[in-house]
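Below are structures written as structure tokens.
One chain, chain A, links the two complexes that follow: it is found with chain B in the first and with chain C in the second.
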Partner chain A sequence: MPLKLSYFGDTSVPVEVEGLTPDWACDKSPAEIERFEIFEGNRKRPLAEMFRVSGSATDRCFEWEGNLAGVHWIGAGMQTGEMHVHGPVGRHVGSGLRGGAIQIHGDAGDWAGAELHGGLLHIHGSAAQMVGAAYRGAPKGMTGGMILVDGDAGDEVGAAMRRGLIAVGGSAGDLVGFNMIAGTVLVFGDCGIRAGANMRRGTVGLFGAARPTLLPTFRFATTIRPHVVNVLLRTVAAQGVKFDQRLLEEEFDIYHGDAVSVGRGELLLRQVEVAV
Partner chain B sequence: MTQPDYTCITGGTVYDPANGIDGQVRDLWIADGRIVAAPSDRAVRPNREIDARGLVVMPGGIDMHCHIAGPKVNVARKMRPEEKRKAAPLHRTELLRSGTMGSVPSTFATGYKYAGLGYTTAFDAAIPPLGARHAHEEFADTPCLDKGIFVLVGNNHYVMQSLRKKEPQKLKAFLAWLLGATKGFAPKLVNPGGVEVWKSRQNGNVEGLDSIVDNFGITPRQILRGVAQATNELGLPHAVHIHCNQLGMPGNWSTTLDTMQALEGFRGHLTHIQFHSYGGGDADENTFNSKVAKLAEYVNAHPNITVDVGQVLFGETTSMTGDGPVGYYLSKVYGGKWFSGDTEMEAGCGITPIKYKNKSLVHALQLAIGLEWYLLVDDPWRVAMSTDHPNGGSFLAYPQIIRLLMDRTYRQDVLKACPPQVRERSTLYDLKREYTLNEIAIITRAGPARMLGLKNKGHLGPGADADITVYTPHDNKETMFELPRLVIKAGRVIVEQGEVRDPVDGKTLHVTPDYDRAIETDIRSWFEQYYSIGWRNYPVDFDYLHAAENVPTI
Partner chain C sequence: MADPSPTPQTLKLGRVAVVDTFAEAFPIKAARLIITADSQQWADTAATVLCGNATSVIACDIEAAIERKIPANETPDGRPGTAVLAFAFTVDGLAKALQNRVGQCVLTCPTTACYNGLFDCPKEKQIRIGGGIRYFGDGFQRSKKLGDRRYWRIPVMDGEFTCEDYFGTVTGVAGGNLLIGGTSGTAALRATEAAVAAMRSCRDVALPFPGGIVRSGSKVGSKYPKLKASTNDAYCPTLRGDVATELPKDCRAVYEIVLDGLSFDAVQQAMRAGLHAAAAQPNVVMITAGNYGGRLGKHHFHLRDLL
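Then we have the complex of A and B:
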């Protein structure tokens, strides 16, 4: 039986639940879990003041319920276990995740999966800015694992990512793969401006119906059908991410860049604008 | 007559090298924040007695070269949010303020951590005069330490103009005025002339002591010689503090030797000497090697020269330097973010994150070169411990350095994890010397106090400030020195077993040398022509200092 956490807080200030993970809770009694200190703004509160706690954490599985849009850092730093979140979540969900899986059945705020190191973060709704990105000042963002967003994502998806896979089923904002060091980002909808800006290595697939305008520091290389793309597409399809099945048969235009940096990154674009 | 409020530390094993006490069991009497002679009347009892039987007693530690305040330190704090996030924060308590760590701790955290290590005095080694007010304001939030600043003058336009016009008296008077105006302690040269060239043209720098400095037509040798002479003539307690040209460059040892020779007998303190002791050339890692033996031989033979080491330890840190071109060079080497500062007519600065790795031949050699300096200078009174915090590593690494110096087996174990070429390119493997506790007391407190001209610090004789550290002896010297049993500051117990109990405010140590007041007309005229700040607003008032001690000239 999972640990059920039903949110009934009524506050306009941010609520932070950093550290409340299956790793911590698995050997705790319900009473101990209820005493876990969370923050309401700058004030510490016991968890039970804002969440109804039921069930058990022994099988390392959490179920979150309620409007959690103002609740931040859910699942941050988690190493093992499962979380299922029913409703929207706030910022930093799955930040620094090292293992296990977090399924969000709703939308997520900024910094979802920021600096994620391993495991799976699957957002079945949309995500705001900075999915899988490096926090400000950090040299590296995501370094492993997988982030899937069924809906849309905001700006700077995968900023400074070093390893791992991000797939966005809908559209993405500006600067997809900004400062990317390596890794893979796939966007199945349209994207904003300046994709791949300052990327050193890595792969960004921009598979939207409308071809984006690329920065002039990307150079056309070839038209090809890399086998690895099919492997990637089947990987995300197996997780339930929907995309245009014609991608499994198409060739892609490859552009190399960003020439202002190391220039060994690649952008994959559909050859022609396609009717959806 | 009422009896003074005596505290007595009884039965401790005292190491007080300045007074020739090497591990003798003594009682120490304290009154009014100072060490006092034991009362002649044996019937007098202290109001507080601290039982130090079985414990080691030393003067409080003195870090004579670190970067803990001022504009560049603050930029570095803002520049490393990723470090701040990872490091466990210091939480606020009823007694202590909150703080952040990482390689550049916040102000209060800096004070607490130094005290927790047994240090009671520290000097920030590179403050541009325009940043002095900022530094003193940060010092006001850095408890538990007495503090001072070295003021950057090696690329100051007025200094260079005086040298160009061959006006040594004007230079001397200007330095005196500047130290008084900034509440500074000593003049500091950073890459003399080189920073001016860096500010004048792309990727510019001077190459040696006889390069010509753009816009002024003088040489680094003239700057060095002129400021060293003025410092000596002013009778400042500390010698001119010199960061040589060509820091970090393979083959820079010859510039360092030139610098020592150019002092021509004047007192000079060469700082973070480790970074200036490299053989090889053309930025080629294959030629990089140690030249400590030759430089140490010169130091051993010339008592006018003292050094601090600038020891490198493996790990992540932040390089911050008044040497603008070095900051740029390092940012290119490590590929990280970079900050470059230009302080009007005065100075420059470069900041970038760096990581020293034991698998890197260059980094391993840097560690070896630093240790060679401690072990090859015969007289421990002329070599001070420093990491050039945070450039070579954090001050929190001092206990590890002590262990490396006192335990040859540990030293060899650390070296075993380094590239084998270190054995061929430095003499460290062959050095059998192990420091004694008395020698550690010299390089961490008595020696720095003497080099700085602080007569009331670094010793435990009557009249000294009652800054005392009590350690629990341990075979592992790193364990012993990282967790003092007690730290006493100005007679008050401020730390017990590493925990801060009484975060007292320290005082600011500064100098006010005499000078010919007629110079002020000339400085003011020049100042109002070029500076972005008004003449009257430039000097730092005493209001900015918690408490101040004017250290007299010699």
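Then we have the complex of A and C:
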């Protein structure tokens, strides 16, 4: 029986639940969990003042309910276990995740999966800016694991990511893979400008129907179907992300760059504009 | 291969005499490679070449054979595949041989890729293959890590060769065997072919000899000190009268099947399938197995358990 956390808070300031993870709660009684200190703005509150707590955390499974759009840092730093969130969530969901799985059945705010190190963050709705990105001033973003966004994502998806896989089922904003060190970002919808800007290594797949305008610092290499792309696409499909099945057969135009950086990155584009 | 006991008892499977003896097998390190390509033909070609000169660890660096074809929807990259099982005495020996063979036989073959086929293996028992041959990329190689699996992408003239970094190993079983005797060479061969077909339908086993069949069964040692193995004279029909033969009167040819597997159960199941398939063929007069009196290996497959 999972631990159920039903949000009934009514506040216009941010609520932060950093540290409330299955790893912490698995050996705690419901009363102890209710006393867990969360922040409402800069004030500490016991969890029970804003969440109704029921069930048990012994099986390391959390169920979150309610309009959590103003609740931030859900699942941040989690190492094991499972979380299911029914409703929208705020910023920093799954930030620094190291293991386990977080399923968001709703939209997520900025910095979803920022600096994620392992495990799975699956957002079944859309995500805002900076998915899997590095925090300002940090040298690296995501370093492992997988972030899946069934809907759209905002700007700077995978900024400075070092390893791991991000897949966006819908469209993405500007600067996909900005400052990317390595890793993989796949965008199955259209994307904004300056994809891969300053990327060193890694792979950005831009599979939208509209072919994006690339920076002039990317050089065309060839048209081919790298076998490893099959592995990536099948992995994403196995997790339930929907995309145009023709991608499983198509060849891609490969561009290498960004020449203003190391230049070992690659952009994969659909060979021709496709009708959707 | 056999060191026959002086008075073997026989059992019956249908009309066929089955010698009440056992096949003796020994532990060995094993790996499974999944070779994919744009077509089944090219996957098979790469697998066949990789398995060349890999019949017996008596004189080859590994024993290897195609295990089965894998449909496209079951392979990592969604293309037709061929599974190869490879066996060697040590994990290091297996790694060295497979690095060489994948580098020379799969990397070179059009459209292929090579993936690990044994999972849940502790890190210290894994062998590095892709990571060993990646240097062929001369600095242009790239890797892609997905979960705990790393894939090396080596640029080649038709695009990229993708090879997984680490491959799992298990301690398998080598040396399972059956000897099938017939009233003629043709009868013995047909029965052995039927047995091979039945055994190849089983999972987790490989038959490393040509077509799965050995005509030159061997015994340990020789009159020539340098030879580790020599012809199994007790089963050579042309030597009847010169040596203490093990052949029934009406037996004119014997073929042996040697099989390796990932587990005792896999080898036993395949031997059972082969034994029954061979016994169902006409003009088979004897089925037996090779052993060394229990001195060689700890795995004993008693034919009476397979009836």
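Everything that follows uses one rule, which is that the second predicted complex is superposed on the first by the 276 of 276 C-alpha atoms of A that agree within 3 Å, B and C clash if a C-alpha of one lies under 4 Å from a C-alpha of the other, contacts with A are read in each partner's own complex, and residues count from 1 in each chain.
The criterion applied here is as follows: a residue touches a chain if its C-beta (ideal position, glycine included) is under 8 Å from a C-beta of that chain, and two chains touch if they have at least 3 such contacts.
No experiment lies behind these values; they were computed from the predicted model shown.
Enquirer: Quick one: is A:137 in contact with chain B, with chain C, with both, or with neither? Answer first, second, both or neither.
Expert: After superposition on chain A, A:137 lies in contact with chain B alone.
Enquirer: Give one of first, second, both or neither to describe whether A:163 is in contact with chain B, with chain C, with both, or with none.
Expert: Second partner only.
Enquirer: Could you tell me if A:31 is touching chain B, chain C, both of them or neither one (first, second, both, neither)?
Expert: neither
Enquirer: As a test of reading the superposition: which chain, chain B or chain C, is in touch with more residues of chain A?
Expert: C
Enquirer: Between chain B (first) and chain C (second), which, if any, makes contact with A:235: first, second, both or neither?
Expert: second
Enquirer: If you look only at chain C, which of its residues touch chain A in the complex?
Expert: Contacts found on chain C: 36, 76-79, 113, 142, 144-147, 151, 153, 159-160, 162.
Enquirer: Show which residues of chain A lie in contact with chain B when the two form their complex.
Expert: 135-139
Enquirer: Using the touch definition from the top, list the residues of chain A that touch chain C in their complex.
Expert: 144, 146, 163-165, 184, 201, 203, 222, 224-228, 230-232, 234-235, 248, 264
Enquirer: Using the touch rule from the top, collect the residues of chain B that touch chain A in their complex.
Expert: On the chain B side, the touching residues are 79-82, 85, 336-337, 353.
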